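In what comes next, chain A is part of two complexes: it sits with chain B in the first one and with chain C in the second one.
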Partner chain A sequence: MPPSTCLRSFSQLSLDSTARASMASRIRLHPQMAYFSTSAARYANPVSKKKGMAQAAKKGTRTLNVKKGRSSTQDTGKRPAQGERKAARKRIVLTNDNALEVASLKDITKADALSEANQGRVLGIPEATVDALRAVEAFKTTQGWSLFRRPATLIRKETIELAKVMKAAEDQRKTLRRILSGERLSGKSTLLLQGLSMAFVREWVVINLPEAQDIINAHTEYAPLLDSQPMQYTQETYTASLLSQILKANNTAENPMLEKIKVTTNPVLPLTLPTDATLKQLIELGIVNPEASWPVFVALWQELTQPGRPPIMLAVDGTAHMMKESDYLNAEVKPIHSFDLTIIRHFVDHLSGTKSLPNGGVILAATSQSNAPSTPALDFSVQVAEARQADPSKTPRWNPYKNIDPRVMEALKDLHSPTAKEEVKPLDVIKVGGLSKDEARSIMEYYAESGMLRAKIDDGFVTEKWSLAGMGNIGELERASVRLRI
Partner chain B sequence: MARGELSRTLWSAAEGLRSAPRSQCTRTMRLPYRSLQPAARFISTTPSRSAELTSETPEAQLEPFTAAPEIEFEADEGGDKDSGGGNNQKSNNQLLRTLRVVPASRSYFSAKPTFTDDYLHVSALLRSVATLPTILTTEAPRVAWKTIDQYRIMTNEPVKTQRFHRMMHIVKRLNLVHPSLMPEHIKTAMRRFMKDSQPGDLVPAPQLVDDWGRARGVGRRKTSSAVVWLVEGEGEALVNGKSLSQFFGRLHHRESAVWALKATHRLDKYNMFGLVQGGGSTGQAEALTLAVAKALLVHEPALKPALRRAGCVTRDPRKVERKKTGHVKARKMPTWVKR
Partner chain C sequence: MPPRLNVLSLARTIPYRPKAQAQWLSRPTMRLAPTQTRAYSDAKSEDKVPAADRSKRIDAKPLGHVSEEASQMADITGGEGPDLSQGTPVQDIVKGDKKAQEKLPKVMQEQLKSNASSAPKGSRSYSTTTTPIGGGSGAFDMGLMSFTSPPVEAVPAAPGLKFEMPVLPLPKDGHVKHRYDPVVDQVTNLLMRHGKKSVAQRNMALILQQLRTASVPTINPQRPLLPGAPPPSHLPLNPVLYLTLAIDSVSPLLRIRSQKGAAGGGVALQIPVPLGQRQRRRIAIQWILGAASKRKTNTSGKTGYAQRVASELIAVIEGRSSVWERRNMVHKLGISARANIVLPRKR
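Moving on to the complex of A and B:
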């Protein structure tokens, strides 16, 4: 008997004797029987096993089994813990210690974030911005961040186009809306990320809906919004987590923007807000009480649109998901249109131009080619806008045999039949195409300097990869030159 | 004297027959070989050269000969009597009429007269040009010679393989005579042993770069076929209106599609646009390889050896093997079952 067991037995014995004095004599008669003897169990008849109740072989046992046909490879490994696989799948790795540090890599700075001189350069994202981007889930697992020492992006033609839009929005306090389109792997999500990082660097308020699919796929709870006509639905948990993202991304140590701004309006909230509260406190109220998250969001938006506040960047990825009916059902067991979800309605109102940002700002909506439901209205609108950019006289016609979603058509009216005559259109498409050869060369030099591409970067090599990547598709270029090295 | 005269006439008749153009072979060729198959023993004795058969076919090159009339022995005796009388001219004609026809070929009474003739003929030719300078076998003009079966059908004789090859050895030696000194009659003689169609006979019409600077090439592989137009440019590529990366998901397929350009370092010199249909991705990509190579050869014919080294010139003839009856697939047999 190990000493610890022995000791415990003694202690129990003493406890018993003190607690129940009447039993003391019996204990004295059989002083150790209950605690020290193991013979009873040992000599008891073994319990006959019921037939068919044989226990399955324990995991991890190894037995000799040389018979043919039986699976000899028993799984002896440990099962991953709950949520571990998902965590591994969703993990964002932004650094590669084996990659070389690129000495010539400069960061985006506040002064020249929107300048055109950067075109064709690879610029790093400052660390604070990286944290903020991580907080708003702007990095995607499919992007190649884990290949390089630290996040850096190529400032391409489309980025400059977006920077111009942001500059116009900032200077003239305009609300400009852009939809990012382009073929698969052409860098739409990365362009969105560049937009977000420029906004962070320029100290805008950034609100990012990382994936529209997560809002409409009925994975979070929803409730009808009282006094709404037609009926709208709030998503409390989602809104609360969105608020926490907003707080984490926009209230960093370098720029504690939300702490500085005081609540000036008198918002109607189900909970009491301390007097002289800051926006941070307002948001925290919504995070702690998800049932109040939507009124808090509305109050926050009202605060942010007060005069004198910074411009706003409102962005979404996977736009096609929000341009159709959602997976939620209403009381009549009919699908709820995505536009009736409050968060999406809020976004679409700004995208369509129904509501504007008084302090200026940019609404960005990135489409996706790899995970997109069919949305003929959005596709058509984007097609028309792209065709108009190429040649205003040749725009495609609507195919009458396709199922049209009138609410989406109405929302994207400015895109397929614009009325504005301005130079900078309020709603337009940024077509993300292929890189030029200079841009391709620049990014490949960055690859080579990071030590991920071991080749001499000359014209022939650049052209070869550029051609194989489908005329400069940046995702394919990365695949061909860094990921798949044959 | 009479004996001498007789022999001279015989010889003159024989000479006349020999000098006539030889047309036995063409004649014998007309008779299908297969008709002789059931009675193989006839083969050795060339019975097919019957007068009936030749008269049926109106052949312009027939030898001018007439079969001798039957010998009338009574008249012959009378002739003998007359010969003492002295009408010499008449008696000679009479004599000639009674003579038997001498065969044209000296090997007429051998088992395989045409073959023997051919053999003797080429041997004689070789003797006549044996002293002329020759070229190396590798440099000799490429000729597709008749196979032994084709020769057998032509001559209608059961020529033995070994003998045939011995003859062909001589013919091939004739082919080695230096082309600038090759006599014309040897060329014509060799034509008898050549196949009807020669390797270099079918020359495809040369492709040209058209008015818009496009060169067209067609390629096939498995069940895919591709048409490619190549223009001078800076490395853009469209397949069925899509970019390479949109059309081919695998990097390998993209590389094969432009392999002809990549292997010759011409990827940044040309733009290509292609149409491809049929088959799967691999077939389409490799059909494009061939088409691009052919189009590139129109622009730069000197690249042919480089492209051949890169494996872009030859069409891969492999196709899916057909399924056979009794088999599960093309070759797979059903599993053996005891009962």
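Moving on to the complex of A and C:
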């Protein structure tokens, strides 16, 4: 019986105290009469629940199923745990025990990492650098690392071009900025990885934003930055994880760089830093307290740009994502421009040249052709720069019917309308094209020595695969020769 | 009614001790005297032949024993017979003589039996594999290639040719329609769903990549692979061979055709029908793909199906797959249905 009805009946009884005297006689007169409550009759036949409303059978439990045509055997096996399948998909495998060891494979060394003599050779990446590259998420699942005994890369023409840029930045303490462009599967991300590995070998400070999409797709929390005009937004969790990547990659057992450098400036932090602290302690403070991660990042940058510190490599992959409005919304429910997110603002300030690195360094931005939103401003700037490299008199014109993003145009001003007259341009494009036939032969000999390509590498074979790969597009070359992709 | 009392049965057990027997002695009942006969092998010289051979007539003389006969034959044909100074083993003497074999000691009989069926225990006396077309070492494309280019014959310079004459024989992938490996081609086509060939090709490439990166398989001796298969450590480096070996090892030799009405009474007569190589592979591939689709997916994304197929192929090579049972079942049924084959009468 529902309690509300009962209570109401009781209260009515108590209120009707005047009728109490006559009640006893009434009871005597009609003893069988149920006047206490009508609820029993009202709720005599409670509406039974619908059959279909019953809780669905749990997965894996056996239920009677007599319908025809259904398979009688149900999979009662254990389902994979949450996140397990994604982890398997994202796992990066850098070794194949079945592949043969290549005896002639040499590693990149600190002495000749930037030398031009390496062009056309396949060089291995040292083990410590592999760990550091793994820490900064430079390896991608789509790349073919899992086929070979250990990571090795072909030093191609574009790699030498990048090495020259790095050498100039190192020697003359310049800030040089490069955008990597090229066709799909032409090796832009791998060139970025080569740049990072050269920087690690040369003992630079490396800060890599592995994928710009992860910063702007509104998957991590954000908060407005106080006292910023116009309003900027920090991403605490993302910044904290970035700090932990920086620490893991730059503070290895071979080169404990961040442990050695002491904090010399007096950073303004919401938390107290012990006196005589090292950069490692500073970063750890930001990792442990994500709410302080952005001030810690600013303080870290302040420290790294002090005189006498190593050069800096600042890199990002999937640049197009940061050249548009982000998926975050502001208080007026309008999209926040990516340039208003502090991390991206920091990167773009260096890419556009408004801020520079006093100790020298390289800003690398790799574009992507397989996962890129439409960014007409970036595309146009890159096109103009590529055309100028080919023939300075023939540069394309802006299509007035396309939607321009003025902030991006402003940031890439040096790219589409440069003013500098130096030989080594501060901001330029490295066009990643196809391999030459010699380079193709070199990498295919490496494939064959690893046992992954069963063929006699002669001129005819190399030319055939080089042509099939669209004039030496290295991704297509790998597909055609080692991946057995018909 | 109470049970009738059995007078003969005893109310209690009576101790009964049988009469003590004389103790059995391990002693032969008959004393073996030194034998008076001499064997042929004892004969040291020609004149000491047994008495039965004293006849002068050639046709009355008994035949020599096996070795003698063989040496005589060798004399006639001009070859080299067995060495007569050595004794002839008993096994040679009783070879092909069923009655004599029955008289052999048990040990030798068992040895004979074990020699008769050279196939390992638990396997069939008949073969369940076929001789591959082309025979011998040409069974598998091991992916080997000679690094010495074939000698170029002097081709007479034909006038009017823009390019050189092609070198014969033409390379295996010279024809545009047969440029890929036949097994890879067939598996790709069977992987294809809704006419999406490029998806099937991607899956095929992923399968081969999985085979390449998976650890070296351990071969189960109960499930022998095709004869002439390379050692398992070679397989990951040659994924096409890996795939071919897995498919060819479980491909059935025959299928069962049910012919309606042939048995009478509405029962279909089951007739085994031999299959060609491509048909056999097709059936094996379909079994493998079916078994793979019943496996559980361990990853999300596009690689899931390819991973399942690859792990099924590895299971086939390692003898863990249920496809082997299927093949055995078909073969068993085929053997029992052999009687139903009606061969055309000879005219």
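One rule holds for everything that comes next: the second predicted complex is superposed on the first by the 408 of 486 C-alpha atoms of A that agree within 3 Å, B and C clash if a C-alpha of one lies under 4 Å from a C-alpha of the other, contacts with A are read in each partner's own complex, and residues count from 1 in each chain.
We adopt the following convention: a residue touches a chain if its C-beta (ideal position, glycine included) is under 8 Å from a C-beta of that chain, and two chains touch if they have at least 3 such contacts.
Because the structure is predicted, anything quoted here is derived from the model rather than measured.
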Contacts of A:E325 with chain B and chain C, given as first, second, both or neither: neither
Touched partner set for A:A88, first chain B, second chain C, both or neither: second
Chain B versus chain C as contact partner of A:G451, first or second or both or neither: second
Which superposed partner A:L484 touches (first chain B, second chain C, both, neither): both
Touching partner for A:N96 - first (chain B), second (chain C), both, neither: second
Shared chain A surface residues [contacts with chain B and with chain C]: 479, 484, 486
Chain A-facing residues of chain B, complex: 234-237, 243-246, 251, 254-255, 258, 262, 265, 267-268
Chain A to chain C touching residues, read off their complex: 75, 77, 80, 84-86, 88-89, 93, 96-100, 146-147, 451-452, 454-456, 479, 483-486
For the chain C and chain A complex, residues of the former touching the latter: 143, 145, 147, 180, 184, 188, 201-202, 204-205, 208-209, 212-216, 236-240, 296-301, 303
Complex contact set, residues of chain A against chain B: 183-185, 434, 437, 459-460, 463-464, 466-471, 473, 476, 479-480, 484, 486
